[in-house]
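Right after this note come the structures.
Same chain, two partners: chain A is paired with chain B first, then with chain C.
Our next item is the complex of A and B:
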């Protein structure tokens, strides 16, 4: 069969039906699995606004988020030559995260949604897909796209975080608005001393610690991209190749 | 070149031994000859013989290797329907929030609560109530656990149905975690604001670093709807703006999520509208780079530009004229001292015994009054439990009969300079129902605090309505009338007599 005839098959009703089934299955999968991964590896940094600091969150957040995103990114390109896997994962993991926030955090526990909003990774995911489309190289994508993923995570989410960092005073003590929300909306099993946030360090770099964090995040994500690719290969390509060989 | 290799020819499965036996083939070694006749499913259907349709096979009973088996398509359907039906069965509401989950030795040797008082048992949304009390971090702390350095106080409720507006420890406002020391006592006060209507079991909670949360005596609190939704306003000094913490900043969060979400969905829509699965077939066919067209590349450039404009523009707009901001504040309090604890009595535990048949914990304590005034043993406190000495009823007329009591022998006052051997017996199922004494522990111990008071008679109105246990309320002696707090701790001698009969 010629390539043109093959391409024409894609417009057949049955092929479209299978495409829709595939899309629905992937939506379900990428709404749940990356969300679980984010809950496990980003955890409280993603859950609470008073954990979104400028030392740990900018590094732990994007590194954890990239793991499963890179799997989707790799599989979409490997099997379908589509530069949309990262964006697809980023969009639907956010759908999963918001469902969890609305029905669990707000619906069951009654935490206000402005206290528990999740971080977005859509802009970095789009950058990752664009890099792969333009370069057609995993290496170049890891060096530029992976770096941008980590580097841009804090600035992009800072657009939403900024108002929560304004200082307020209560009984002579200074809080950020985010701190005050954490103080007010109690988490009985996550007491304040468990909060892993910037407590001050000698490596202050004239107060510009955030630049160190985002640079470190960029480098970490350059490497984490390959962990995701490897995971995609082990979980998504090698088993399927075995199945395809046997049929 | 196709990447899919041709499928190997599947190996034929050998027929079932029973069928081979019926066909006259020799049985493989180790296989037992079968006596029972073959079932129809095992034998199969001959030519011209009508095979039963799916409706004939809704539920069927077959024999397989001599055993009766239940099969048919209805079996999984019945199971699935049963599961659905079970989910509609009305069940009583089960409530628990883990007040018994920690190991007994942690709760008894961790923190003991005193004089815990709730200002309300019913309030409306947005109204506030006060929870006050004292806690002692026990000297008998289980040393196999990390010795705690930091603590945090709060309340144990299912989510922030009651929000904590203020925390005070030893009359100091608490912003973040604070230091504690073993053997010290602390006074706490919390102002709670009701947020959602409902009925809640509210415990004061002390979290200790390296261990977790230890709860105090609880009270049921009912929250009814108020005049409006929950609200907590605060003023931002730099801008003078008054904000409501329940909603502040959410519009901006949603706005950016929608903006980036639209961009992401547009990118997905651009690619996902074309045939998908056939791309794999084309790739296998050798069509690779051609699947991305020049139009795709031009479109991707547009998306790239929009992305840069959105992020850089967003940062520029957000930074221009932004109010002053500071990092999250993490300063802990390291200079908090324990309360001065009265110590008019010296005590020494001679024996601690638990009778499994009577569920009674008894202890022999030698008590010496070293002060110049008479004292009386008022109660024994451990974790969230308190046992009252009923012989003090003449002094403090509280609700005897509704609260747990202990037998003290000999009862009466302990005069200045006097030393007595006291025997305390506390018979209550709570030791086992609330997992305070468990026999599968490597350390079967008990600990608590003996509370002696100054034996000054008090009127009912001078007593405090305090929590004596889990949801049990009584009248307590105010702190200024407490003469001595004495910690007791020992391994338990268990009396199993009568258990094996």
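Our next item is the complex of A and C:
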């Protein structure tokens, strides 16, 4: 069939119905799959502003977010030749996260929204999709786009985090605003962030510390990209071909 | 007299076969767009009603699982959900338990299935996946809600108000709806997956419902973990990870969908050709 004939079929009433159904299926599953991954791997780092530290959040955050985003990126390119999968996934994971922050964290339990905002990955998703569009190569996309994904996560989100890193002094102790909010809004089932997270000799590197984390995140995400591609291949493409024979 | 009474049912049968040959809709089934709107709409309505119920009774009667009010308002909701689940499972699996009779007649009388009729079946399969996706959207919301609720009340039951819609409604509903998708593909469109007269079970039939099943399976492990090792609700703890792994099986749903895409174009092309020859004849 020629390209023009194929395009003409796309204008059929029935084809439009299929477009709508596919979009609904994509929205549903590409909200739940990346969102569940995000809440279980990035979890508390994504929920609470006082957990958004310089050591683990910049590494665990983008790596967790990339895993399923790379699957969306791969499936959209594999099946539809659309360089939009990562952006689509990044947008709908945020829709899922914001619905929960607004209607659960704030709507049911009255945590203020500036204490529970989710990190964004949309700018890096655009970079990832653009890299694939320009290079048409998963390898080049992993080396440049994957690295940028990890590397840019902290700088992009720092714009939102910045106000909460201002120092305050209370009862002779110095905190960040984020820490103070963490002490004020009680979370009986979460181990406090300082005990779990803010440890390690990386503290000794002072000003270089965030750059070390960000570099590590870039490298981790370069590799994580391939985990996502593999996952998409094994569960999103291979089951289409494989038939278990009845004997 | 005897001859006419003999021939009447035969004639009627012949007329029926003629009708079935020309039947372009999925005969005896709900049209796929109506299924999508009704299934998706009722599903969404149930999720919204649960969220409104939570807003009303979250703090007043949700804090202590040992009180009689808790049993009335929260276990009551649980039992209503179970009734809905059982009804959905019975309707979904019995409605599509047999292969389509129209397809069978068209295949035996014309040697092929009418392209528009088959497109209706494919649309119905896609609609079941989209309705399952809607419950996936529900899982996305209620799962993170669970993280927030555990910061309010120390775990004293596995049936806490946020678990009731998550573990005992949306998870089983995902098993049912993804199962219905595979069941529909098996009974209506099996030839697209294994070829005409082919045998075997495509892996995507099994992997798609496996996602819901593994989600539900990890509820057992999660509750065991929380009741034995760590009662704190650190959301990034390792025995939550299998929930995330379980959702990856839903990617198989897209294998199920995209397998039918070449056939959609074939059928649309055949329909366009039919339409052009028909206009040619009238002109």
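A few remarks follow.
In this section, the second predicted complex is superposed on the first by the 226 of 247 C-alpha atoms of A that agree within 3 Å, B and C clash if a C-alpha of one lies under 4 Å from a C-alpha of the other, contacts with A are read in each partner's own complex, and residues count from 1 in each chain.
The rule is short, and it goes like this: a residue touches a chain if its C-beta (ideal position, glycine included) is under 8 Å from a C-beta of that chain, and two chains touch if they have at least 3 such contacts.
As the structure is a prediction and not an experimental result, all values here were calculated from the model.
Superposition of the two structures on chain A leads chain B and chain C into a clash. When the two complexes are overlaid on their common chain A, residue A:18 makes contact with chain B and with chain C alike.
In the superposed model, A:179 lies in contact with chain B only, and not with chain C.
In the superposition on chain A, A:125 contacts chain B only, with no contact to chain C. After overlaying the two complexes on the shared chain, residue contacts for A:159 are found with chain B alone; chain C is out of touch. Judged by the touch definition given at the top, the superposed model places A:117 against chain B, while chain C stays out of reach. Legend: residue contacts after superposition of the two complexes on their common chain; A:53 is shown touching chain B, with no touch to chain C. Within the superposed three-chain arrangement, the count of touched residues of chain A is higher for B, of the candidates chain B and chain C.
Touch criterion met: A:100 reaches chain C, while chain B stays clear of it.
Of the two partner chains placed by the overlay, chain B and chain C both lie in contact with A:79.
Residue overlap on chain A between its contacts with chain B in one complex and with chain C in the other: 1, 6, 9, 15, 18, 22, 79, 108-109, 111, 187-189, 191, 244-246. By the touch criterion stated above, chain C contacts chain A in their complex at residues 32-33, 36, 40, 51, 54-55, 58, 116, 119, 122-123, 126-127, 129-130, 132-137, 139-141, 143-145, 147-152, 154-155, 193-194, 198-204, 206-207, 231-236, 240-241, 243-244, 247-259, 261, 264-265, 268-269, 271-272.
Put simply, chain B touches chain A in their complex at residues 3-5, 7-8, 150-152, 154-167, 173, 175-177, 195-196, 205, 207, 209, 212-213, 232, 234-239, 243, 245-250, 252-253, 256-257, 260-261, 263-265, 267-268, 271-272, 274-283, 285-289, 291-292, 296-297, 300, 303-304, 307, 310-311, 314-315, 318, 322-330, 332. Residues 1, 5-6, 8-9, 12, 14-15, 17-18, 21-22, 24-29, 31-33, 35-37, 39-45, 47, 60, 68, 71, 75, 79, 96-97, 99-100, 103-105, 107-109, 111, 187-191, 196, 231-232, 235-240, 242-246 of chain A touch chain C in their complex. Per the touch definition, chain A reaches chain B in the complex via residues 1, 3, 6-7, 9-11, 15-16, 18-19, 22-23, 50, 52-54, 79-84, 87-88, 90-91, 94, 98, 108-114, 117, 120, 122-123, 125-127, 129-130, 133-134, 136, 152, 155-156, 158-160, 162-181, 183-189, 191-193, 195, 197-200, 241, 244-247.
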